[in-house]
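The data blocks that follow each hold one structure.
Okay, so chain A shows up in both of these, paired with chain B first and chain C after.
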Partner chain A sequence: MMTNEASALRGRPAALRGGSVRIEGARKVYGSVRALDDVSLEVAPGEFLALLGPSGSGKTTLLMTVAGFEVPDAGMITVDGRDVTTVPPNRRDLGMVFQRYALFPHMSLRDNVGFPLRMRGVATDERAARADRVLGVVGLEGYGDRLPSQLSGGQQQRVALARAIVYEPPVLLMDEPLSALDKNLREQMRLEIKHLQKRLGVTVIFVTHDQEEALVMADRIAVLDKGRLVQIGAPRELYEKPCNPFVAGFLGETNFLTGTVAGRDAAGAPALALQNGASVAGSPAVPLDEGARALLSIRPEQITLQAGPAAAGALGGRVAEVIYAGASTIYLVDVGTGAPLNVRRPSGAEETLGEGTPVRVTWRASDARIFPAEA
Partner chain B sequence: MAGSGKSVGATTWPVTLATVIVLIFLLLPTLIVIPVSFGSEKYLQFPPREWSIVWYKAFFADAEWLAAARLSIAVASLSTVLATLVAIPATLAFSRGRLVGQGVARSLILAPMILPHIVVAVGMYIAFSRWNLIGTLPGFVAAHAILTLPFLFLTLTAAISKLDPSLELAAASLGASRFSAFRHVTLPLLMPAIAGGMAFAFITSLDEATVSNFLSSSASKTLMKKMFEDIDFDVSPIVAAVSTLIIVGSLLLVAAAQLVRRLAVRAPRPAATLPAARTQAKAA
Partner chain C sequence: MAAATANAAANPRGFGPRASLVLILPVMLLLAVFFVLPLTGLLDQSFRSPDLGIANYVRALGSDLYMKILLRTVWLSVIVTALTLVLGYPVALTMSRVSGRMQLAIAVCVLIPLWTSVLVRSYAWIVLLQRRGIVNEFLLQTGLIDQPLRLLYREGTVIVAMTHVLLPFMILSIYSVLRSIPKDLSMAASNLGAGGFSTFRHVIWPLSLPGVYSGVLMVFIIALGFYITPALLGGPETLMMSTLIGQQTTETLDWGLAGALSVVLLGLTLLLVGLFGRALRLEGKGI
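Let's turn to the complex of A and B:
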């Protein structure tokens, strides 16, 4: 499949040139719901940006304002410097892949892929040739005469992709394009879309509610919640330095511990006094006053467990449950603060701690994030 | 019938038997006019003692019968086209747009189907006589378009509700104007429903007797009005011959609509220029 794509691509004069997108102060209100609340962001040429958030976060509304299906109540959208805020979708010249592919069921794949060329007045012969070439790019060479109903979900997805890139749009918009596929195919398509995007150089804005998808595919992730842009940055930055508990909890798994800010620990890192009397270290996301209520977030794989009782003032607990999950093993550790801590360790690499074992619980201060507790 | 024959293997024989009995019960009283129409006596006779096509010849030789048939076909064709031209935009507006007074408008469109035809007929008679439309082609066409509109409206509404709205969005994102999206995407996908609805509307108009009875004049009457008159005054087997012709015509029409449906499902026409284009692309 990949070799087909590569050979078909060699016939192309140049890769697509990615466009830039700029969203400034976009607002959209439906009745009493703020779908978009003053969202501003920029997408660089050739960048892969994921819009990530739970349902109702405004990520799809934001994509639809870029596509032209929604006009923001306030704010401006520009593509390559051109103000397109009120330009109708058919004159924006952007590519779009829909959640359920939206292939035209009465047209062959060739006619589906050729449709945007037909709308642009490209002659029949050239249209067919270009449609066939792009079908080759997505690994469907020789499928031109088939109907969409004769294809599997993954193949329909590829046709939708081919149709959206055949006219070489500067920006490709994708609305949860993988959500209708089963798990294995979804994981395979993630990398295929990513590779294709890199080769074509097209700018992609990709809506998803799947944090893993966003982490794997995107150059940068914009996390939205309740219509607001919460944080935008590289996947690693967001995962390791979330700006608030929502991002920490939404992107990957994490443990939350509540306490009060209590000076610094022995190593000079800010410490948090927990309800159970133990003191734990972390790095504050924002400067915090001593005595303030705070929330600490620590990832399951960044916690170290050692058998043995904890020293006074350090965090200790008892293994409540051991869950073998293949590559890793999950330990639920009761530390006396309510919900047990979720700890993930590589299977086999370390000694197994049996249920009921007393353990010392530690982590590096730089791995834990301390946020002000929300009112 | 041909379709049910194929599925017999999938059902058990008691179901098949019951289906056949019900079909016979439904069809036999209708089909009995066919042998009757081929009789030679001057009255309706079953089974006919002698076979002939004398009553068909009589029909095609009678100017009054032919005029009625011509009027009915003209009225059915024109009113079907008119109702379709109204139904397509109306359905699109109702299902895609947000209109003020949508519920009231919908009720008005469907009213002719719900109200007793005699009520509609009396109302139309009073209005049309004031406008001098009694016994005129525009009068019949307007009346029948109103009567057949509900059937087209309901068929098309059902078909549109099954269409994925993102198809139109996709067309727009790919550069199609609203009209292009309608012409290349929505309309072809609605074609089977339009064909079916039109066939149904045509037959409904042809078959309509109550309103036609009120709107006909002595000089200008539809086939149904003429048949009723004929039955009243002098029962000749011409009525049976006309009935047979109508049955055959209706069946052909339904078959044609079915054909459109099949063709629409199979749609794509391969681009003739393709092999050459493909080699060129490889060479380049």
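Let's turn to the complex of A and C:
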């Protein structure tokens, strides 16, 4: 601990060493709610991990156990191999950016950013110099004398970031840091934070409920639901090969079709017989028996529409609504299975299909995932 | 006017000037009739009773006795204010940190005395402290003393009782500010390496100062003009300004002197409040 601190203080801001984090079998129960249910995961040095899930999924609780504000009922948290499970937050040396920034309103930006250095006994002059330098790193050069209330939300966000990295912690924890910003700024800050993280080499654990944010920013995404770790992997892996309907539905948009497993189609892919008599192909997430009830997930942008009536046994429908959304156009196609299919096509690149047009609906078997239907 | 009204209608959170006037008129009337009018009368008396001139002020300000009482009033108020701050801050801090039943329990302990009449609380002190009161009886029975102690009508008694009566004001004004400090500021301080005491010293205490100032100001002003408790529990050597003024109006019927003393007390109060406010503004700029 002492040696860690000492070396961190002497380092330069441009050469941060990322730390590793390991969570083993973390459990936390509040009353009758399982906030964390046997969660285990590892974060590699310099990695950007997003904890993604709906509210109540346990993602914030997990972050709080790493930060030290919650002690798990069972399990272990290690940072760089050191067991910190019961170490108080002020002795963990982890950086953290809070949802509402938590800047000290009575301190100037220089004092805010210098605060962690002050707590580490850094002399006033050096503190001010380092605070000013890091304010420069986040693009707020010359703002040292201002108060937080004199800044915009995005600028406060940068100060919070500066304060969290000034003492060069090996791991940076972020609790939905962009949720208080408006959309344009949020999208800009996504990339800024990601670039800064790569430049500093710091390990980041980032909590978000915004799947797009997780996809854009993270090296890996851990999806949580009801206190359990559902799936962890690279964004592309999770988006293209979700392990269950929850992940498929939570990460990006998708269409669900229910049916029964009915042998294989002409190309050898497993097929699903739908209620409307059509048969569609997909790749099962787990081996499925013939006749089993199953759920097929297909992304809106992976569906191909062609004007014309469908062949017997193939999926066909009628365009119910066309919604122009700028870069893409959304077609709602009534295929006679209840909710219409949501199909997204690039605007202008293909022929437009008017409302009421009969269409053939196809996709590649490898793009659709088939899951066992839950009871 | 019409434009202002339309403007007010467009902004549901603000009232127009006419509506504002209608809403504050009852209070303004009440204050005018029952506060400004009598005060003007007293001021008037101080210059005219019994003769026209400043004789009453010469008496009030020229008398060693009255000046001593004035100084004592200020001094007791300072002590009572300091005591309520020292005793009240930890209670307010605890109240802001706990939740559920514990918080309810503390709140009840703070509020029940506040809801009880000052008269009742002062008499309660008399029951406790009188010559054959509960405290003396207990000390006699246990053999710690042979003779009953004289506990009433002493300066210390007045200080303790006034502190007791005024404590809730201090606690509540500090608590209201402490409660509004976002919890994530303490968490951030802790995450950045501050222990419990550092967090308090660098974050909680400076942010709670507005509550401390308003509590101090409120308790000090009430203490300066406090009547019931010093009148009931204090003796001749603990005479305070309001008791003195009371005596002039009910016993000696010297309304002119009462008026002059009142004006002096009011003037002193306003002066101290002004100085306090100026000191705060200067400090506010220093931050």
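Going forward, the second predicted complex is superposed on the first by the 361 of 375 C-alpha atoms of A that agree within 3 Å, B and C clash if a C-alpha of one lies under 4 Å from a C-alpha of the other, contacts with A are read in each partner's own complex, and residues count from 1 in each chain.
Keep this in mind: a residue touches a chain if its C-beta (ideal position, glycine included) is under 8 Å from a C-beta of that chain, and two chains touch if they have at least 3 such contacts.
These numbers were taken from a predicted model, which means no experiment stands behind them.
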Query: After the match on chain A, would you call chain B and chain C a fit or a clash?
result: clash
Message: Just to be sure I read the superposition right, which of the two partners does A:A129 touch: chain B = first, chain C = second, or both, or neither?
response: first
Field: If touched residues of chain A are counted for chain B and for chain C, the larger one
entry: B
Task: Examine A:F69 and indicate which partner it touches, taking first as chain B and second as chain C; both and neither are also allowed.
output: both
- prompt: Which partner does A:E321 contact after superposing on A: first (chain B), second (chain C), both, neither?
  reply: neither
Query: So, does A:R110 touch the first partner chain B, the second partner chain C, both, or neither?
result: first
- request: Could you tell me if A:E253 is touching chain B, chain C, both of them or neither one (first, second, both, neither)?
  value: neither
- request: With the two complexes superposed on chain A, say which partner A:R120 touches: chain B (first), chain C (second), both, or neither.
  value: both
Message: Taking the stated contact definition, name every residue in chain A that is touched by chain B in one complex and by chain C in the other, in rising order.
response: 67-69, 88-96, 98-100, 102-106, 115-116, 118-120, 163, 167
Task: Spell out the residues on chain A that touch chain B in their complex, using ranges where they run on.
output: 11, 67-69, 88-96, 98-100, 102-108, 110-111, 115-116, 118-120, 124-126, 128-130, 132-133, 144-145, 147, 163-164, 167, 173
Message: Under the definition above, what is the set of chain A residues touching chain C in their complex?
response: 67-69, 88-96, 98-100, 102-106, 115-116, 118-120, 163, 167
Statement: Interface with chain A, chain C side, in the complex: residues 182, 184-185, 187-195, 198, 202-203, 206-207, 287
Field: Residues of chain B defined as touching chain A within the complex
entry: 164, 166-167, 169-177, 180-181, 184-185, 188-189, 264, 267-268, 270-271, 273-274, 276-278, 280-282, 284
